[in-house]
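Take a look at these structures.
Common to both upcoming complexes is chain A, partnered first by chain B, then by chain C.
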Partner chain A sequence: MAIVARGFTGRGRSDPALPPGQYLTQDFPVLSAGPTPRIDTSRWQFTLATETGERQSWTWEQFLALPSEDVTVDLHCVTKWSKLGSHWTGVPLEEFLGELDTSAEYASVSSYGGYTTNLPVEDLLGGQAWIAHRYDGEDLTPEHGGPARLLVPHLYLWKSAKWIRGIQLLIEDEPGFWETAGYHNYGDPWREQRYWGD
Partner chain B sequence: MTHTDGNLLAGPLRAILGVDLTTAQGTCDGCGARGPIASALVYGPEPGLVARCPSCENVLLRIVQTADRAWLDLRGLTSIEVALA
Partner chain C sequence: MARAAVLGRLTWRAVTVTGVRDETATARTLVLDAGDWPGHLPGQHLDLRLTSADGYSTQRSYSIASAGPGPVEITVAAVDGGEVSPYLARDVRPGDQFEVRGPVGGYFVWRREDPAPVLLAAGGSGIVPLMAMIRDRSASDSRVPFRLVYSIRSPAEAIYARELARRVRDDHGLDVTYLYSRSAPEGWRRAPSRIRPGDLVANGWPPELDPLCFVCGPTGFVEATATLLAGAGHPAGRIKTERFGG
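Here is the complex of A and B:
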């Protein structure tokens, strides 16, 4: 295997797995914008709604019955920490969106507790996004978004909505909680899209 | 993570607005409760400061700050009453 040296900077070699401006962390910091919702799986429900008002819901049992995947992904938080090689189990979004009749290009993700975030529908497809219910071999704790959270590791972590409750498909984009308050509408860590205008 | 003191809002609000708003009386757009801004439940400071109503947890205000810019959202407050000297 060839060893390729790249990412050489004035301060020394940067880790090629780290997007610009990020530093490596081993722990898993918890940031929150409100009280942590405690959602019993007996009353948990995930609802997908299309732009025409069609709705489909899954109970916890129905959700767990869907084929899930074990994935190892890198996480990049806009507050500049990155965590590499984290292990998750989740259901790929294709399982929910796959057979849907929709021409919507945008998705608004909503959470228990009132949080929202937005992203293009295509970023939810193609093996890039999961609804995760296990982290590091354990059930996902409420602090990290349990019982289930969105996982879209190719975007900054605020897009990976904790305590996911639903996804609304939209013809027109609808900026979410942080996206309406200065954070970038798309949030690609490799292009360092942290704030408006980045 | 739990919330912190509402006085955490004082510095950022002063930096943006140039006045001390922590003693101002805010009215919650969610439940109508009225009280000093400093009594809000504050989460953050990262990725942003989020102040919530102590009665109903509605978001009263949000502040996102970078080295050279700040965003202030006051949507959750129907009014702010400020005492004039």
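Here is the complex of A and C:
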């Protein structure tokens, strides 16, 4: 049985749009473990590498030439805030992965600045993930991961790596920065998978 | 799976408030009896769950202010209109109970065995996890030099002011510098302003000493401070940040 906190009423009811344990915020908090990298788009590059070592890279211009989508998604941060109905523009991951010859089931995502995170390849496909370059009609700012970040809104937001630099496809899973520091390997907010063992 | 260590599941535990301490007009420390709390590293946080009589519940994360064994302390600043912080900072009294789980977070932590000099940069209530580091340094009789740069709007907002003054006197190797952004005490030499490059040059460490820098506070403060440190030549991997809210 939950312990009742004497005199606490709070908002009094849960919003069905919010996963368990989350609360609604209207602003857009910034969370990152170190200083914000500033990456000039003239030297930005995104590299996809397969499990066999095959590599393909896109410059900023080549990246922007790919078909983008406008999407409206809910964001859920493991630190408990959720932001509903946020507007993004990004290139769906199918554009990068679609034609690829791979049997890899796992992806390790890396960022400028050294951050890494991991997720199953199937979570990058099927209209669930984008490399986003615009937020709310504006170019993505460095604090929020610009010039481009991964956007995988069906998982906790730490999976949506800011300042994305590359994706390595892997036969075996490789836990990333937070995943090795006690946070859940998969991170489904609707199953409240915040930490190891959740 | 290539995990460095395997932790047990973090389960919710009932805690009892055994004491409250007002730190400022809006910030209060809650002393918690957390039973068989497994211990924590300074800089870690806990998750807290409040459940109302009709079964509604909500969670928040709070940095742990205390160090070492003994009761767990958190310090909560009431945010007007907030759902949880005004309750914790104003309504809670000794004997009250709620639930916590933790400790959580293994990156923004100071480890006693690390000999590198430490810069702590706090904005407002961002002092809390940094205070846990100062307390842990003291509890372990560490001689590692610590410098705290603490930015607040005015002197009345200084959390832990008396304890910091005592520790500067008694804990050898701890320096504390206050930066006031709106109003400074009478006769203060530095005109009120947000953090500036010179503040970190004068009161921090040069990058050549390879210090470990912990920066905690509101996003604006953390962005500004981390950018100044990186610009001064501190490697990104030596600047650890934790940001509160938006």
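Just so we're on the same page, the second predicted complex is superposed on the first by the 185 of 198 C-alpha atoms of A that agree within 3 Å, B and C clash if a C-alpha of one lies under 4 Å from a C-alpha of the other, contacts with A are read in each partner's own complex, and residues count from 1 in each chain.
In this text, a contact is a pair of C-beta atoms (placed from the backbone, for glycine too) under 8 Å apart; a residue touches a chain by one contact, two chains touch by 3 or more.
For clarity, every value in this text was computed on a predicted model and none was experimentally measured.
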{"item": "Which of chain B and chain C A:Pro37 touches, first, second, both or neither", "value": "second"}
{"item": "Touched partner set for A:Asp27, first chain B, second chain C, both or neither", "value": "second"}
{"item": "Which superposed partner A:Thr79 touches (first chain B, second chain C, both, neither)", "value": "both"}
{"item": "Comparing the two partners chain B and chain C, which touches a greater set of residues in chain A", "value": "C"}
{"item": "Partner chain in contact with A:Thr180 - chain B first, chain C second, else both or neither", "value": "both"}
{"item": "Chain B versus chain C as contact partner of A:Trp158, first or second or both or neither", "value": "first"}
{"item": "Touching partner for A:Trp190 - first (chain B), second (chain C), both, neither", "value": "neither"}
{"item": "Common interface residues of chain A - those touching chain B in one complex and chain C in the other", "value": "30-36, 79, 114, 143, 178, 180-182, 194-196"}
{"item": "Parts of chain A lying in touch with chain B, wherever the complex brings them together", "value": "30-36, 78-79, 114, 143, 158, 178, 180-183, 194-196"}
{"item": "Complex contacts: residues of chain C adjacent to chain A", "value": "1-4, 6-10, 14, 47, 49-61, 83-84, 87, 91, 96-99, 104-108, 219, 222-223, 226-227, 229-230, 236-237, 239-241, 243, 245-246"}
{"item": "Contact set on chain A toward chain C in their complex", "value": "2-14, 21-23, 25, 27-37, 79-80, 113-114, 143, 173-175, 177-178, 180-182, 185, 194-198"}
{"item": "Contacting residues of chain B [partner chain A, same complex]", "value": "1, 3, 43-44, 46-48, 50, 52, 57, 59, 62, 64, 66, 69-71, 73"}
